[in-house]
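This report concerns only the one structure given below.
Chain IDs A, B and C follow the sequence of writing; residue 1 opens each chain.
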């Protein structure tokens, strides 16, 4: 039973980072392999804030989100736009983006290593038990989950009840048609990319409350976010949320029943199943 | 005088005169490279060994990722498996047999991965390959934990530096030979078509999934064999070392830097990058990650076709200049006196 | 002359659904060997979808498609190509990294008939001659004009010596002079007895090239017969032009 609850708590927190990638890949159509590093940056930023001020990490998010937004906007304008202009096909653009953001991820890791060094960082916040259904769970996990749920709900509401959010969803479904109804696709993509980065950084901030980080862990989180997005169906945010929970449950099950060092294996098993059975994802539309 | 000989030799194997000549040149180069251990040792030999090592990996990577444009980030997974087969079996079986087993293990993994991921878009393949090495590492660590063996294994055999060098050279020669043969074969043609337009490929009767899987298996098998050869050299094999993600990324960078549309392209990337890496890791060891990232960005934004692309562009420019210069001269008029003599001088210098 | 006793292609009650949209509904027709069949209809009537179903680019929701009796419905496009169906595309698809000769050869290596080496080169060169590009072998396809690229695509489709040739709006986008040349080329193919399905909008081409016509509208067959019969049919006129002109 506690596997389920821990799994759900973990999954809910994963949902936020996956939503960040989903905005970048599903809307802006940029496969961002530096996504994990953005998450780590958010985590490190929160660590630094907490150890410096001892104030709640939730306050850190207030600063991290706009900062990450601006940084990602800059990344889109400086690094991504030239590739979009240069690409002769969607396939070519995807390869270029993968390589470009991959290179970017190394640069970010290099910067993080230079600033924070190579050691593992964690801090202790709300490390008290809270009792759910008679079993103790880390209060920090629950707090992170609630924070993630709040932000996810806010994002979901924004996407579905505002004009800006509507234009984002339109672009994710069909950019050509969106431009025909006078949506500025380039600006919307930049907005989605920047917002995605900010959301991912916030996700990193929340995860830092109960996980230990070091500068090289970015790749693993990028992979998990990618697997979640693909599992859920690239263009649908509901799929992302549900897939995040599935991954959280799968990981916790494997970690508890088999071995905690096999969490990536659990994610890959899900990945392989989805590729073999339903490559368009749970909520995805199969393009004939 | 040379032409008829080349042609008659080539006719025996159905090669053109030009192809036979290229083969002969390549053979000469290999013989020359083989002589290196005899004329030097120590630092120069170790650099040359490094270059051979990365050339083998980068060229076999290009066999698959070059024509299909599917970027594989999983070299370390196959390399590590090759290493581990040797590490596990070194007390039980002769080394040559282990090399063969390593090849089979790499091929088996490649078949599984290929069948699962090569039937969907290239992006999914790249993502899958990104974590594959890490995945295999985790499984390997867990297996060792479960089987109760030590995390690190010693691989100690009686083999000299020179012998390792020549083994790598032999492997590289085989890779080039296979690569050259594929390029002339139906499979190579099929892959070029797939890389250009997969829809056309399918409608031309090509079983694209099978072609991609076959090539992926060939490429990965070579990576596994390289691992098997490297195991005694590393001598202490443990998961983080064998499945190092840096290896995968270095191989990709070197191949892309050199250029993936020619068989000898990666070689042009391996040499400068290996030297640069030596330099940086000796003097600024903490900045190696930044170097990797900077090189990646350099390739993507400035030289997407690699050094080969730059060379071929330069050659094309030169040819065009010569042609237009020749055209101007032929027409007689147009260019005034001093310009004409300038062009004539430049042309005779470059003819 | 179409040989009435051999059915090259039998389309039986084929339906294709895309979610709620029915692109092709219960369509049936037969294509005799050596026949040139025109598939016409207003935009959105399902003609190209039908072509895609035959060539294997799409899988039918229901129904059967038989090539000389062999059921090919839902079988992958590469296997259908191996069985002897070749096609051109509505928007020309060239292989930009290959020369013209290689583009043509691409059709003749893996398809219905397989050639390689010198035999392939000679065969491809002969086809280039056939379609009016005798000296273009080494040219890069990106340097060709649109009509020339179409010729290359036709040569590529012919390279496999297909049992059935599908021409998907091959005459689209051509100016009057090019159109005359294009129609003459297809007429040649017809004279030598090729079995062809043509999707077209150019009506005088349909009239002069097709033995028989099938008219589709909104996924359904609304008329079948010789071009003259079909183009005089009231239903057909209504489908194209609306009620006022019927």
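Methods note: a residue touches a chain if its C-beta (ideal position, glycine included) is under 8 Å from a C-beta of that chain, and two chains touch if they have at least 3 such contacts.
These numbers come from a predicted model, not from an experiment.
Q: Where is the C-beta contact count highest, in terms of which two chains?
A: Here the largest contact count links A-B.
Q: Report the chain closest to the protein's overall CA mean, measuring from each chain's own CA mean.
A: Going by the distance between chain centres and the overall C-alpha centre, it is B.
Q: Report the chain whose CA-based centre is farthest from the CA-based centre of chain B.
A: Most distant chain from chain B: C.
Q: If you average the CA atoms of chain B and of chain C, how many Å lie between those two points?
A: 42
Q: Whole-Å distance, chain A centre to chain C centre, using C-alpha means?
A: That pair's centroid distance is 47 Å.
Q: Where the centres are mean C-alpha positions, what is the separation of chain A from chain B, in Å?
A: Centre-to-centre distance between chain A and chain B: 34 Å.
Q: Touching chain C in the complex: which residues of chain B?
A: It comes out as residues 14, 186, 189-190, 192-193, 195-197, 199-208.
Q: Give every residue of chain C touching chain B within the complex, in rising order.
A: Result: residues 55-57, 76-79, 81-82, 86-87, 89, 93-98, 102, 105-107, 109-112, 116-117, 156, 160 of chain C touch chain B.
Q: Spell out the part of chain B that touches chain A in their complex, as residue ranges.
A: Per the stated touch rule, the residues are 69, 71, 116-117, 120-124, 126-128, 130-131, 134-135, 138-139, 141-142, 145-146, 245, 249, 256, 286-287, 289-290, 292-297, 299-301, 304.
Q: Touching chain B in the complex: which residues of chain A?
A: Against chain B, chain A makes touches at 31, 33, 79, 82-83, 91, 94-96, 98-100, 102-111, 113-114, 219-220, 222-223, 226-227, 230, 259, 261-265, 267-268, 271-272, 275-276, 279.
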